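So, here come the structures, one by one.
Note that chain A is present in both complexes that follow, paired respectively with chain B and with chain C.
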Partner chain A sequence: MIIETTNLAKRYGSTEAVRGLNLSVPAGLICGFLGRNGAGKSTTIKMLLGITRPSSGKGRVFGLPIDDPAASLEIRRRTGYVGEDKRLYGYMTGEQMIRFTRSLYPRWKMDWERQLLREFALPLNRKVKTYSKGMRTKLALLLSLARGVDLLILDEPTEGLDPVMIEQVLQALVRAAAEGTSVFFSSHQIAEVEQIADHVSIIHNGRLLLDGALDRLKESYRRVNLVFPNRPPEKEFSMPGVKWIEADRHSLSVFASHNVDDIVDRARALDAASVDVVPLTLREIYLESLKEEQHALV
Partner chain B sequence: MIFNKPNPASGLAIYLQLMEQIKHAIEVGALRPGDQLPGIRTLAEQLVISPNTVAKAYSELQHQGVIAIRHGSGAYIAESRHAEIRRKNVSQALTMMRDLVEKLRRRGFKEDEIRRLFEAELTRDEALAR
Partner chain C sequence: MLWYKAWLESRARFIFCLVGLQALIIHMVLAYDNVLIAFELNPATYKYTEYVWRVFTYRIQVGWTFSVLFLGFGGLVREKALGSADFTLSLPVTRRRLVGVRAALGVSQSLILGLLPFVSVPLLSLVMGKSYPYTQTLLFAFLMTVGGIVYFCLGFFLSTALAGEYAPAAIGVLVVFLVNQFSRQFEVLKPFNPQDFLSGLHYLDKSTYFLEGPLPWSGIAVSLACAVTLLLLSVGITERREF
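Presenting the complex of A and B:
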């Protein structure tokens, strides 16, 4: 695991931004950290990078404890961070910013610098403070990638960018992953997470809602729509894997995280007239899991 | 071969979509035995999907004997005696399919109705096979 947290929590006064988060992100993958605005994504990232201290709980990046100052320094040395503030010097031009950063890192990758400059087409002679949001993101990404980091952490890297820029940023993340860099990026855009992520961790109200390999989630989650001549009671389907059931006069709709074969067998045993097993997109899995959470609260 | 971008917002995992695309290309002759597939990194960047996804699709295809991976030089469409027969079968199936769709259209069925009927029939078979 490249990132691991146990009961990680952050309180600001009476507000609990993160409430007992248990994350485990495997190394060598692209991980999408998905959640609504205010779900606790930025706070989590800031704790991982030692920018804010956890109120309680533990976290490790590269196996190093995030609340230990010396370890945190080592984490930051091996991690590239592209955040909201972008940590750029506005009075420098793009070119000065690159030259300045290059001088700080002996492992600087000139080939990456050249290639990304070609693709990103940044106006290098202009001062960074005149850059658009997309240009700033690209510059911050270039500086992190050329540094040669083991882990790239990005907080909403595509927020506020146009579709062309979004594609360029995602492409840079794919390239970083192809070079063996682990990528952890937060987003509230399901579509882009679904497009490039291997692993997805969904945070809701400061807690982990759902977590796993995207392929496995898509292969195991199903909605089973059933129509009966005489509809059996819902409790007939209280079995492993069933998250919740919706019912109307003649039909049942079963949302399951796994164990679909047994559900189908049960339906046949109960003389279902129609059995329809529907695969789910990440959007549906996410929204259905939120419903489940609401059911649990009632 | 020109690859289509997979549809991420589909219930089908992207590596499976990629596998289907390559198999389909072989069946219609767009890819033939000995043809080289793009490198993992190249294809990942082109389609803007995770390199691990491309690697997974290639490794599954290799497992199924559809492609051969030669270390250091890349992935190639495997030589297969079945491939030629399969190509012929697929082209016959295509003709049958066209006839059927044409017949249904003449009876006034619309495209989405045909698709629905077809999918219902497929899922029925799947359910029976369990």
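Presenting the complex of A and C:
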């Protein structure tokens, strides 16, 4: 695992931003980190990089403890980061920003720098404070991608970019992963995650809601739509794999993470008039998982 | 390259202070004749050396003090307000080193500002048809910068400890003002008045208005100890602070 956390928590006064997060991100993959606003994504990322300290729990990146200053320095040496804000030094020009960042990373990739400069068409001689948000994001991405590091941690990297740029950035991330760099990126854009991620971690209210290989999640998660001649026997479906059930007058909608065959068999045994197994997109899995969490809270 | 960053970050403030202080020095030295006329002073009895000492004490020293206080501002708390702190803190550099480089550059800039009167006052005096020894301006400049570097460290500390754009500046100016005023109010504290100490009042030969005798090393040592303490506190705060 390139990133691993155990019961990681962060409190700001009485507010719990992250609550006992258990995260495992495999090395060499692209991992999408999904969650609503305020779910704890940025706080988690900041803890991984030593920008903020955990209140409790443990975290490791490259097997190094995130709360040890010397280890944190080594983690940052091997990690490229794009923050939520994408604000850089307004008093520097784009060229000065690149020169400054390049000097701190011995494995800086000049070929990446040149290629991204061509693609992003940044006005390098202008002060960063005059850049638009999109330009700042592009520069922040360039500074991160060209570092020649083992891990990229990106907090909503495509925010503020137009669709063409988003596509370029996603392709750049795929290329980085193909060259052996692990990518851990947070996003609100589920379609982006679905497009490039191998692994997905969904966080909600500071806790891990769902975690796994994207293909496996999409293979195992199903909605089973059932129609019964009479009132649907909802309680009969309290069985392994069933996350939650939505009942209507004659129909049941069962959201399941696995064990779909048994659910179908049970429905047939209960004389279901119609059984329809529907595969789910990541967006649906995400939204259904959130519903499940809300049901659990109720 | 951290030096490069620290330089670019403080460059505008440093140049502003450099130009401002130099303008003040030029104005004050060249105003000698006008001051004599305005205050109806007799050139035969009012010594040029006294004038220079007063200019040092009440103008240059004050200008330098607020300049270096101003140079102390900035750093990670300011970067957090501007949104670039996350980028800085994600770099493979310790917080201690970030603070250290900024402090070292700021001290160097403060020393350069301190050298301005050392060089400028004797030269401008020549323009005025007067002569003023470099040895004396060196002593004044030395006392002011080495003894007064604590003001830079105060600004540095306040900008580390306090969030907000104006809070460090407001509190810094208030502290400088209050310490000066407070130490003048009580007889027992008068020897510790920073302005008098930095102008060498207690070592001044009032007949020549030159500094006489050994430098006040114990006072300088106390001032430097305060400066180092403030810097160490700044390092400690920065290392523990949540961003």
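Everything below uses one rule, namely that the second predicted complex is superposed on the first by the 290 of 298 C-alpha atoms of A that agree within 3 Å, B and C clash if a C-alpha of one lies under 4 Å from a C-alpha of the other, contacts with A are read in each partner's own complex, and residues count from 1 in each chain.
What we mean here is this: a residue touches a chain if its C-beta (ideal position, glycine included) is under 8 Å from a C-beta of that chain, and two chains touch if they have at least 3 such contacts.
Just so it is clear, the structure is predicted and the values come from calculations on it, not from any experiment.
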Let's test your reading of the overlay: on chain A, do chain B and chain C clash or fit side by side?
fit
In the overlaid three-chain picture, which partner chain does A:S56 touch, first (chain B) or second (chain C), both, or neither?
neither
Once chain A of both complexes is superposed, is A:S132 in touch with chain B (first), chain C (second), both, or neither?
neither
Between chain B and chain C, whom does A:E194 touch in the aligned arrangement: first, second, both, or neither?
first
Using the touch definition from the top, say if A:T6 reaches chain B (first), chain C (second), both or neither.
neither
In the overlay, answer first, second, both or neither for which of chain B and chain C A:D261 touches.
first
Measure off the angle at the C-alpha centre of chain A toward the C-alpha centres of chain B and chain C in the combined model, and quote it in steps of 10°.
140
Which of chain B and chain C A:L214 touches, first, second, both or neither
first
Scan A:A177 for contacts with chain B and chain C and give back first, second, both or neither.
first
Rounded to whole Å, the nearest C-alpha atoms of chain B and chain C in the superposition sit apart by 25
After superposition on chain A, the chain A residues reached by both chain B and chain C are none
As the complex stands, chain A meets chain B at residues 28-30, 167, 170-171, 174-175, 177-178, 190-191, 194-198, 214-215, 218-219, 261, 264-265, 268, 275-283
Listed in rising order, chain B residues that touch chain A in their complex are 8-15, 40-41, 44-45, 48-53, 56, 123, 126-127, 130
In their shared complex, at which residues does chain A touch chain C?
46, 49-53, 69, 73-74, 76-77, 79, 81, 83-85, 87-92, 96, 99-101, 103-105, 140
Can you check the complex and tell me which residues of chain C touch chain A?
1, 4-5, 8-9, 11-12, 82-87, 89-94, 239, 242-243
